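The following pair of complexes shares a single chain, chain A, combined with chain B in the former and chain C in the latter.
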Partner chain A sequence: MSTFGAAAANHNPNKSFEVAQPPSDSVSSLSFSPKANFLIATSWDNQVRCWEISRNGTAVASTPKASITHDQPVLCSTWKDDGMTVFSGGCDKQVKMWPLLSGGQPMTVAMHDAPIKEVAWIPEMNLLATGSWDKTLKYWDTRQSNPVHTQQLPDRCYALTVKYPLMVVGTADRNLIIFNLQNPQNEYKRVTSPLKYQTRCVAAFPDQQGFLVGSIEGRVGVHHLDDGQQGKNFTFKCHRDGSEIYSVNSLNFHPIHHTFATAGSDGAFNFWDKDSKQRLKAMSRCSQPIPCSTFNNDGSIFAYSVCYDWSKGAENHNPSTAKSYIFLHLPQESEVKGKPRVGTSGRK
Partner chain B sequence: MHNKKEACRNFQRGSCQYGERCKFLHVIQQQPKSNAFGFGTQAISHQQQKPNPFGFGVQNNAQSKGVNDFGNKQSQFKNTWTRSSASSGAPSLRQPDNQPQATNHRCNDPESCKRIIAEDFEHERPLWKLTCYSHWKNSPCDIVGDVSYEELRAAAYDDAKRGLSLQSIIERERNLLNSKLVEFENFLRNPYRGPAGSAAAQQIPFPGATTTVLSPTTQNTVAPQSNVPPSVSSFSQLGASLNTGFSPGPSVQSNNASGQPTSFSNSAQSSNVFSANNVPSANASISTQNFSSSSIQSPAFLNVSLSNSEVVGREATNVQLGNNLPTTVASGDSNIWLKEKWTPGEIPEEAPPDAYV
Partner chain C sequence: MGKKKKRVPSKVWCYYCDREFDDEKILVQHQKAKHFKCHVCHKKLSTAGGMAIHVLQVHKESVTKVPNAKTGRESTDIEIYGMQGIPPDVLAAHYGEEEEAPSKAAKLDIPSTQLVGGLMPGPLGVGYPPQSTLGAVQPMYNAAVPVPPVGWAVPPRPQPWLPLHPAASVPLSAPMGYVQQPLFPVQGVRPPLAVPSTSPSLQPSQIAPPGLPVSAPTLPVSQPLFPVVNNSVPTQSSPFSASLPTSVPEGKGSIEAHSSGSASLTGGAGGNSHSYASGPNTGGPSIGPPPVIANKAPAIQPAVNEVYLVWDDEAMSMEERRMSLAKYQMHDENSQMSSIDAAIDRRILESRLAGRMAF
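Moving on to the complex of A and B:
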């Protein structure tokens, strides 16, 4: 057991690998490169940091590589598909493009009238999509200063997911806007969330047949797009502890097995299989919430951060004692591989 | 096309290979008896198929709001979309008997809706309170005014930067929380029966108190609208503290429809992708471009626009949080909109007029 006794067990009950030199304030987003094991973390301390993650058998090491600074807290990040460049955006209402692997300097490529909550790179269109609290979604060709297109949203953008040609935007007051990126100027469909409370996160199915939506009420909705498949829609409860209902902060599909992980304000993360409607694995609760998480490109590493997500307001924030962690979990196959359906004999 | 005998079991399980040709009825809801809420066949029902600690249940959500015909059911996502996006005005729904109604929960039985609300508030109150709420899935919000964790945190960090003490930030947050809790309380006591739905303009006489007794026969959308003013009050509090120099209420509506900061030059080819309706080949060549040599507009441009958008952005933020309201004509004392804080007795029931949004 560890020499620190209870303290260590509390903040890392899953015995995950701890990333070196974590941010000094809460982590707002985590992003793995699509090409290699480079991890980006954006933080409320205005920094975007990059680590190189290396695996030696069952051991995992993290090496801090580089970082850039924004003027205000950074809320979102994503990699370009070539694995060379990182986009980050946040409260400074800008997105910076950082060609870090070629050693380049960051430059501003997008702007909004309010903080930018979500950013996504769409390789099939060679465009950057940004969602902001100014109720717009903008598409950017990074070489031009004006957005290629501005899409009005019914409310502030809270969540975004892209799986070409499917894009789903979750906004305030439970709107879910679905776009077909082959015709991005028109909303394909506008759906009101199947959940009753604030939308927190969305994730598109890898096969683009639908999406997941997570809310603050410890529930995830599984929604199919096709009218004929509406019968397959369902919701399930998670991240609850007795009468305490925590929010689902992050939804991430495993890139190979197409199972998914949820991470919540209760400090736990779970792995699920939506096709057999089972939970594959429940991990132990950490002492702080998990605001964000992500898989790496082949699903062999699951990164999650343990830090305060403001779910209990400012009064629970103590800057002098607050600690933020980033952990790396190596999922076993049993945790992320889909299982056959139990019980009912439904047709697939 | 439907032989109105039996319901198709395959369709209910999720897919039927016969599609339109199927000789069984493709309805989602087939047993009105199992509907605990007493709604008709067209309503959605929660069907718990087996007890499951995670509450897995099959929900039958037929989303049909103006969506076009999908073509063949088993089509790939891409095929479906190309077809439906090409046809702009042919809303031929495959299951006309239940699709349009299934999603529009109409609160036909106010008592059971009230029970749902009471139960939700008893057992399903999440820890985060600054949220919207709807008592029925897929229905519009009964209580609006979402504030997310990040928004609250950004406001707190802004305040801290301007020198506010942690204590005053906490207090501001508490006020916000309390007004939201009051809103939920009021809703529980008076859920404004009537169909939840589109926010049509409804002339409501200016009340003296927040809780108004509304006649059950009110048909228009009272629910979302009536609940809006209290949320405005909580947001004007948030807005007020975000920028002390900014007078809430009448605002500089610089957040215009295009959402763009001013004085940007229009790029000639900016709309290439979107007008062509497909990924143009012109962009293919840039995919391997080395970004260090590409020329985005000069830094000078960015500096200029930054100062513009900085101001715009700030105000826009306040505007955003305070004024996501439907625009209706208000009756009564219009000075109410200029007040910074509302006492509970004078919160107007309807949304502010355009001039104040």
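Moving on to the complex of A and C:
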């Protein structure tokens, strides 16, 4: 699992740090604690695992800390803003709240009629938002068993992003429902995705002025909310190789620089600057897709998982040989810091 | 490869379909994507023969023709990689077609010089012996030899026609390179010469593609791509971004971003990117559209370059499809089962699945 010989180059061409004891099946989501370098990974093997990530200069170490089990594959995770509690939800149609740093046991705090695809904690409202394939979005006060509010969606929830007061839900029919969380019971706006293909992921701008949307067609759309800023909207293609077009699986903003990373089914991840419309860095392709990725709280660590995301169907999955990896990449400043557009490149 | 003269082929070209490219790397990529790709699983091989063997061994199917190839170039026996392996007569024919005008002029010259050359040694040989004996022959000898003594009279003679000869009759290797260029505009197939200054589309060049008409919304075109600023690893997108800087100063220039209203490119892409379903929709390794693309290059080609979505199911997401697999649902009734039992059950099911699957 932690071999660094020639064979390892294929699945780790970027020479990232490999997290110890990765899940035994594909990873569905990664979350860093907002307060410390604790990493949560949810997996199709029904487990939610936690590692403590420690850095010594340029070296990175991962220590498995704890894990809980769901009854079925876990699809999403998020931390509470106090960095003490983790929420995880999945195909068992429940969300479990796990106060792991205080050593508590998990308890179920949310339920849906179908698998829960996305979960988000909204500190400003002290509520948990859950999006499910049952076409609803529900808000939960974790102390009550009934949702505070149920919001009907036009179709199954595929993607969710929250940056108070902006919340964007991506649904299966390429709708993007925008909410102003100051008025959560009404849809602020419903937009058809600027991308012509199934929505895969969304990410709200840190300044809440708009959001990114990624699709299965190797394309990312940059959409602004304000009518006056519609002229700044654009889309760009990425994660393509020759005649093959890969899905964009994950969009993550850097917390400090407000540049963003994309990760795709082609096994590559890239760093982009939307304001100068440039790609800052293209990383090498791994041998398997990257289904999920995330930055830590200060953007010094970029975690990504390399494992099969089902983009080529069941035929391409060999359970006996499939391996899942979680890697940690330490982005250099040149990779994630925004750059002004220059006539000739500013190479060192 | 033993090329004596420095040969700068102004454009490399594909043996199978006669398309031309700016450099060999792009040519190889083209060949792998268009001619050496398995029509069943879309694996790209490195040669046509390799692809045929793969299809035979893995999919138990016989491939006799190279996909997307012109008639007469479809043999899988001939080992082509980039520009290597092209038979000399085909090579000559390709350049010969553009050589016609000057070569005719050259050929006309040759016979005359040959005559001259042929004549010279004759009288010389004849006149030589008489010279020593008969004085009458001398003027003939002198006339026949405006050239200094016999010793090196002969060598200079062949020389006048030596440079002309290779230019015309030698398989047009060395000088051909120079001759070719001025002919391009004549042929009228050379708009791509102007291309680098405008559009970086390398593969969809406008050289008579065998039924692969180029349309503007070709997905591989890099126009809307972010230009690479710095530290660009030569990943899959670099051929496109690398060509961008040739036309646009790096880092700057018009990013042809699509405003949310412009549906042309993506709309067009929607129509044609489903040229064949490679992903889960096939439901099996060798189903459906693949036979279409195999050997019917001109007739049934999709309207634009073949591009396809790796995941193309609009109706459900990857996770939904994965969930539909029984192995992930088996725990529905077993919520109380201990994790060890669950792990054992899962392993049993996995090995059963692995046995059932056609790997």
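In this section, the second predicted complex is superposed on the first by the 335 of 348 C-alpha atoms of A that agree within 3 Å, B and C clash if a C-alpha of one lies under 4 Å from a C-alpha of the other, contacts with A are read in each partner's own complex, and residues count from 1 in each chain.
Definition applied: contacts are C-beta pairs under 8 Å (C-beta built on N, C-alpha and C of every residue); 3 or more make two chains touch, one makes a residue touch a chain.
Bear in mind the structure is a predicted one, so any value in this text is a computation, not a measurement.
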Fit or clash between chain C and chain B when superposed on chain A: clash
First, second, both or neither for A:Ala172, with chain B first and chain C second: both
Which superposed partner A:Gly228 touches (first chain B, second chain C, both, neither): first
Touching partner for A:Asn56 - first (chain B), second (chain C), both, neither: neither
First (chain B), second (chain C), both or neither touched by A:Ser320: second
Touch count on chain A, higher of chain B and chain C: B
Touched partner set for A:Val148, first chain B, second chain C, both or neither: first
Which superposed partner A:Asn180 touches (first chain B, second chain C, both, neither): first
Touching partner for A:Ser334 - first (chain B), second (chain C), both, neither: second
Touched partner set for A:Pro99, first chain B, second chain C, both or neither: first
Which superposed partner A:Glu244 touches (first chain B, second chain C, both, neither): both
Contact residues of chain A, present in both the chain B and the chain C interface: 28, 44, 72-73, 75, 91, 115, 117, 133, 156, 158, 172, 194-198, 200, 216-219, 221, 223, 230-231, 233-238, 243-247, 265, 277, 279, 309-315, 343-344, 346-347
Residues of chain C defined as touching chain A within the complex: 29, 32-33, 42, 219-220, 222, 224-233, 235-238, 241, 249-252, 255, 257-260, 263, 266-267, 269-270, 273, 278-285, 305-314, 316-323, 325, 327-329, 331-332, 334-335, 339, 342, 350-351, 353-354, 357-359
List of chain B residues in touch with chain A within their complex: 10-16, 19, 26, 28, 49-50, 52-65, 67, 70, 73, 77-78, 80-82, 85, 93-95, 99, 120, 123-128, 131-141, 144-146, 148-154, 156-157, 166, 169-170, 173-174, 177, 254-255, 257-261, 264-267, 270-274, 277-279, 283-284, 286-288, 290-292, 294-297, 301-302, 305-306, 309, 312-313, 316-317, 320, 324
Chain A to chain C touching residues, read off their complex: 28, 44, 46, 69, 71-73, 75, 91-92, 115, 117, 133, 156, 158, 172, 194-198, 200, 216-219, 221, 223, 230-231, 233-238, 240-247, 265-266, 268, 272, 277-285, 309-315, 318-320, 334-335, 339, 341-347
Residues of chain A defined as touching chain B within the complex: 28, 44, 72-73, 75, 82, 85, 91, 93, 97, 99, 102, 104, 107-109, 111-115, 117, 123-127, 133-136, 138-139, 141-150, 152, 155-156, 158, 165-166, 172-174, 180, 182-186, 188-198, 200, 207-209, 215-219, 221, 223, 225-238, 243-247, 265, 277, 279, 291, 309-315, 317, 343-344, 346-347
